[in-house]
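The following pair of complexes shares a single chain, subunit A, combined with subunit B in the former and subunit C in the latter.
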Partner chain A sequence: MTTQEIAGLIDQTYSPQTWAGLAPLLTLAGGILLLLFVELFERLHPLRAPLFLASLIGTFLAHKYAGAVGPILGGSYIVDGATVAWGQLFLASTMLAWFFARQYYRTSLAFLGEHDILLLTAPLGMTVMAGAGDLVTFFVGLELLSIPLYCLAAFRRRRNDSVEAGLKYFILGAFGVALLLYGAALTYVGTGHLDLAGIAAGLEGPGRPLAFAGLALIAGSLFFKLSIFPFHLWVPDVYQGSPTPITVLMATGTKAAALAFLMRFAAVLPGSSANLIALLAVLTMAAGNLGALVQKDLKRMLAYSGIAHAGTVLLAVAGTVAAPALAGDAIQAVLFYMAAYIFTAGGAFGILAWLEADGDLFTRIDSLRGLARRRPWLAATLSLFLLSLGGIPATGGFLGKWLVFSVSTRADLITMTILGVLLSVVALGYYLRVIVAMYMEPEPAELAPPMTERAWATFGTSLCAWMVLILGVLPGWFLGRVF
Partner chain B sequence: MLLSLLTFLPLVGALLVAVLPTRGNAALRAVTLGVTLVVAALGVWVFLGFEGASAEAQYVESHAWFTLGNIQVTYRLGVDGLSILLVALTAVLMPFVAAASSGHIHTRQREFLVWLLVMETGMMGVFLALDVMLFYFFWEVSLVPLYFILGIWGAEKRIYATLKFFLYTLSGSLLMLVAIIAAVYGSGHSDIAGITDWAASQPLARTGWLFAGFAIAFAIKVPLIPFHTWLADAHTQAPTAGSVILAGVLLKMGTYGLLRFGIAMFPAAAISAAPLFLALGAVGILYGAFLAMAQTDVKRLIACSSVSHLGFVVMGMFALTAAGLRGGVLQMINHGLSTGLLFLLFGAIYERRHSRDIAQFGGLAACVPIFAFFWTFSMLASVGLPGLNGFVGEWLILLGTFQASPLIAALAVTGVIFGAVYLLKATRGLLFGPVIHEENRSMPDLRLAEIAVVAPLCLACLWIGVAPGGLLNKTTGSVEALVQRLDAARGTLQSAMLDDVERPR
Partner chain C sequence: MANLLFYLMATLATVCAIGVVVARSPVVSVVSLLGSFASLAIIYLLAGYQFLAAVQILVYGGAVMVLFLFTIMLLNLGDPAVIHGESEPLFHHSRRTLLGLGVAAAVGAAGLIAILRVAWSAMPQPAELPEGGLDPLDQLAASMFTHYSLAFEAASVLLLATAVGVLVLAKRNRRPTAEVFPRESQQPATPSSPPTSTPSAGAQGQEVAEEGVLS
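Let's turn to the complex of A and B:
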């Protein structure tokens, strides 16, 4: 390589386009550094909240105005429309987690600064995952997301279940990452490439069997994060043990990030694997829905329902693997589904965080009895979220389901789609049970959830409710904005 | 704009009732009654202005809603001969339901009135939507209010009945959702006219599956045998207002769906499936009648009679003749009126005695003569006494069915007899004989407010019985156009079969 060529490469790497593509990541990183600085001086602590919000808003604007600049840094980071949309959704998920975390922790106030810093690192990792064009970038993003989450899951460090959740998440997460790295190594040996485009081309070569083994391992690690059968068993314990605001982030943001990369990764997968993926999707729905049916605790029930939702959205992935021509529709479906899910599940977990108030007693379905009488608006909002999770029209959950099923139907996965449709009837069975408890059963004599007022949580919940309704009634607003 | 008002005015009313800052319930009831009356007036206005000779959708409103890929989903409302009567029925029935509810809903009235109004929006939307997405939207939204009405204000086994109702209906709807997705993406249209045009050019193998997806959802809603078990539980456990809405309007969403999305959208598939539906309808008539004969619970008996009556409607529609179709459409209205009346009347008695068991009554004719008069009148309307509404509908249906299949028609006629048997038996048990239970003697008769609710509905039954033309004329254009399309589809089917015969493989 001559000097001139190297200079050209440097110019290309540090072009304005690159800076524009990196702008959201840099804004977030800058915000994290500033928060760390603020943490040093107690007098600056009042700045924590404004700084956190400013970082989120700044990043949002950076996404919006920098826009989709295409592949940068030699193709290892791809800033297309999907990356931009995902990045903004991750910010929404983080913001919700932050809203619900206000006034949530009673005992560990001293560490709220660390909490916010770790929380702000998560969307950075997620965005890198969503834009990753090669396996190494994806690995960096995954670790950047996972390590803060391990800490955050164990954040209520005096409670055994929280520490258990953190440890469980860490050990299984490490296992998932090991799968990824081993898979990446095998793929590299098989194809000689780590970037997705190169892998796709290299699959025709002699290293095909090795590469396929590698791809299967990578898919396994993605399925682990996405909680797809048979990698879903960790979910209920971790979701239940973690502080509920962190559960919001794990249930919505992390899942969306894994899905974002899975959509890119699907382009590499051979069409013949579509049936296997669709089968896994249906099995996941069955495992999640049947598991949720027998739960007595709402938080655990929502964890299982999250598994079922991951299965549903995996049908769209199977659709795009089966029929690559549908890729554009599939990404639209998945984005809409996850947007609706972030606000729906985020809102539902947020209400739980509100009721929970340092004790698990009040997340039992029994203790919600008669909530409609005591707190009508809270009960109505929770019902709205539950109906949206069940996919009833006028809520965002309905159109998400419609789009996903439409992709899998058009990809000729009719049998699996019908099985999935019937399983979602089971889902309504347990969502309605909660509504029955809130509206149709008499109040328990004791154990009423505390009536704490929380301004941020109120704001977060109403934001979710409005978004669920807007996505349900005026979906064009979102669809037009993204594409 | 008129149809949007008709659909969304109740929703506005619901929001108003939800937030109105008052502790008493009188103001809330007044608002509800006022809103439903305005909607009823609008409904009558639309009905009177509707041009029955035309087959076109009228009062059409069309706006772009959102796009899916290159498919434009529209907010498209309109009314034609297939829906005009149901729209008018819904609009007119609701004020009576709202007025009657004050007598038997004693707790959480505000919530009840909110759900009642939301319900009206859902039902109106179902009948007015001319876009499948919009239709499905309203179709499922209308499940939710009834779920709450049944579950909160129902009788002792309400939660079981509610879940059964919801999950039964939902499993059908979701299969319909798959059919809708296939139809929308297959045709590239989401408005009903676009899909209908596309379906006409498709082979029977494809439209058959689509028809099946739609038909299962509607068959559950109607309900046709063997999907009928949810109805008896739901009716029995529902509060009176719930039963009236369920029998009066909600079940018609099923028969209306079969008509608009089964027969009108996929005529060729409907022709092929007609023998099955004729048989199911006839079985429903007889089986429902036998079930009703065995009941001791009055509400359950009326519910079983609904299965029987709706069997008539389905049979008439799937005769696929002009008389059968018109009879089917008219009989939907008749059933709504007469069964609604029976539920309203028995609701009044249930309020006084809190029993649904026939054995608890007897000799009421002497104790509460006004009730006895109205009950007998409604019962006769339901049986199909000439001069009252039921007769016209059943006669047209039997005429139409006879043209299609004399055997089925002959079977169904026996159903008319059995219908008279169980209703007369129930009436004897309730009204005549000695007064066995002393508390029945002191039972107060119908109040003026209750008479004001049932009397106009009885008059409507009489009016339809004497001069059915006022209603039937509104359906002429649409039914004629539908029969022409059916004939065309029959021709295509026959020539396709001839092709098969001439070109042996």
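Let's turn to the complex of A and C:
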């Protein structure tokens, strides 16, 4: 290859379009580097918070104004409408985690700067995952998301439960990544391609069985991140042990990122796998909802409820696998569902983070008894989030469920959809139990110490509450913005 | 001949990889890992990836291994059975072990069936190896800086994040709580408790207890 050839190749690759597509990623990376620089000098530390927020807002604007430019870098990164929408949702999830992390930590104060840096790395990995057009890019994005989260899960390193959460997450995450790499290798042998378009074309060739084995393994690794049965067992322990602001990010952002790539990946999966995926979805809903019914700890209950929600949204994935013509509706349903889930679950975990302050108090449902008399607004907001998680009309959660079930019904997965709806009704049982405890039960004899007022957490919670209501009442506002 | 060498090296790589997991002494683990890396490098060479083989030897066999060995030697780890005066079997004969083995066998069998069902004769066969190997540097660089440039650059951010994460998990507290171990603090956390200059054995013990599992 001559020098002119290389120069020509580089000119061709790095067109203004490419830079526009990469702009959000570059903004985030620039923010990370600036935060690292600020850590060098103690006098610059007050700049941490403005810089963090500026990076998020800058990336948001970059997503908005650069827009969907199509596949770039030879198709290894696809910036379509979905990538842009997912990217903005990841930013929202990160911002919520950051709001709730303000004044949360009491003992790990020394590393708050590093906390923010790691927190800002996660959406970068998520966005790379959402736009990945081939398995290599996806793998790097997945690691870029996972490794900061392993460290953040173990962030309160003096507490055994936090270290345990980090270690469990790391070991099982490494196992999931090994599945992914093994699957990618088999797929490559079977089809000769690592990019999704090439894999889809290569599935017609003689390497079909091997490629299917590989695709199954890759789907397994995605299901692990998405906490789908039978890869869901790590979730309660990890969510419970992690610092609650990090649980916000894990429960909402990570799930959304795995789902974003799964929607792309679903185009490659054969239509015959739709029934299996739908069955897994219903089993996941059953495992999550039945597990949540017996929990006494609110954080653990929300973790099980997160498993159930992952199962619900997987029904839409099964729908798009069964009927590829529904792909547009399915991605819309999944985006809306996750947007509602990010603000609902983000708000619920956020209130928990606010109540408990560094994991010391208040995670049992018993300690919430009579909260409505002491903190009426807080109890009302938490009830709103729980009702939205349960799928009561006029909240974002209801409409998300409606869109998902309508996709799976139109894809002829009737039995599984009916089972899914029934299991969603079961879920109301444990959501209502918390509301009953807050409004109708007497306060416990020994009251917990009064919680501190935290401006950021108040702001984050009210933002979530407004978004849940807006998504529930004016869904056209969101759907019109995305597509 | 090349086939025979491939099977030999593949077996060796697998045996060494198992050795990494089951060895009791960390040094034996590391040396097994080295054996695994070296056999992989030879497999790369057999497949025609000369540059990759060289990098494998230089980076993994050389730099990474030396780092591992240095760390282990500096930490002065020995055989845990000797240190704790007890010897536990690595795998208990329990129902879980059987279950794990069963699942592994099922997955292996499924993979084997998939491989056996592939029509190898119809698969595109590799041509004769070109003179400069399959990965001449300029083509490798061209694809790395165009098609895969996002993965390549994202990997650099990944390494940065890993470094920050390791620091968070392993570093001693920059600003320790003044009452517990004031001797380390350059600037005391509160002005009312000035740092004592003499380190004491008691403070050391307290610090270990306070720092917990990871440091």
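In this section, the second predicted complex is superposed on the first by the 470 of 483 C-alpha atoms of A that agree within 3 Å, B and C clash if a C-alpha of one lies under 4 Å from a C-alpha of the other, contacts with A are read in each partner's own complex, and residues count from 1 in each chain.
Quick note on the criterion: a contact is a pair of C-beta atoms (placed from the backbone, for glycine too) under 8 Å apart; a residue touches a chain by one contact, two chains touch by 3 or more.
Given the structure is predicted, the values throughout are model-derived calculations rather than measurements.
J.: Quick check on the superposed pair: does A:Leu36 touch subunit B, subunit C, both, or neither? Answer first, second, both or neither.
T.: After superposing on A, A:Leu36 lies in contact with subunit C but is clear of subunit B.
J.: Going by the contact rule stated at the top, is it subunit B or subunit C that touches a larger number of residues on subunit A?
T.: Looking at subunit B versus subunit C, the one contacting more residues of subunit A is C.
J.: In the overlay, answer first, second, both or neither for which of subunit B and subunit C A:Phe223 touches.
T.: Neither partner.
J.: Pick one for A:Leu144: touches subunit B only (first), subunit C only (second), both, or neither.
T.: Once the two structures are laid over each other on A, A:Leu144 reaches subunit C alone.
J.: Should A:Tyr430 be classified as contacting the first partner (subunit B), the second (subunit C), both, or neither?
T.: A:Tyr430: touches no partner chain.
J.: With the two complexes superposed on chain A, say which partner A:Ile392 touches: subunit B (first), subunit C (second), both, or neither.
T.: In the superposed model, A:Ile392 contacts subunit B only, not subunit C.
J.: What part of subunit A is shared between its subunit B contacts and its subunit C contacts?
T.: The answer is that subunit A has no such residue.
J.: So in the complex, the part of subunit A that touches subunit B is made up of which residues?
T.: The touching residues are 328-329, 332, 387, 392-394, 398, 402-403, 405-406, 409-410, 414, 417-418, 421-422, 424-425, 428-429, 432, 435-436, 439-440, 474-476, 479-480.
J.: Could you please specify the touching residues of subunit C with respect to subunit A in the complex?
T.: Against subunit A, the touching part of subunit C is residues 110-111, 113-115, 117-120, 122-124, 138-139, 142, 145-151, 153-155, 157-158, 160-162, 164-169, 171, 173-177, 210-215.
J.: Can you list the subunit B residues touching subunit A in their complex?
T.: Touching subunit A: residues 65-69, 136-141, 143-144, 147-148, 151-152, 158-159, 162-163, 166-167, 170-171, 174-175, 177-178, 181-182, 184-185 of subunit B.
J.: Spell out the residues on subunit A that touch subunit C in their complex, using ranges where they run on.
T.: 1, 6, 9-10, 13, 22, 25, 29, 32, 36, 73-77, 107, 109-111, 114-115, 117-118, 121, 124-125, 128, 136-137, 139-141, 143-144, 147-148, 150-151, 154-155, 157-160, 163, 166, 186, 190, 192, 205-210, 212-213
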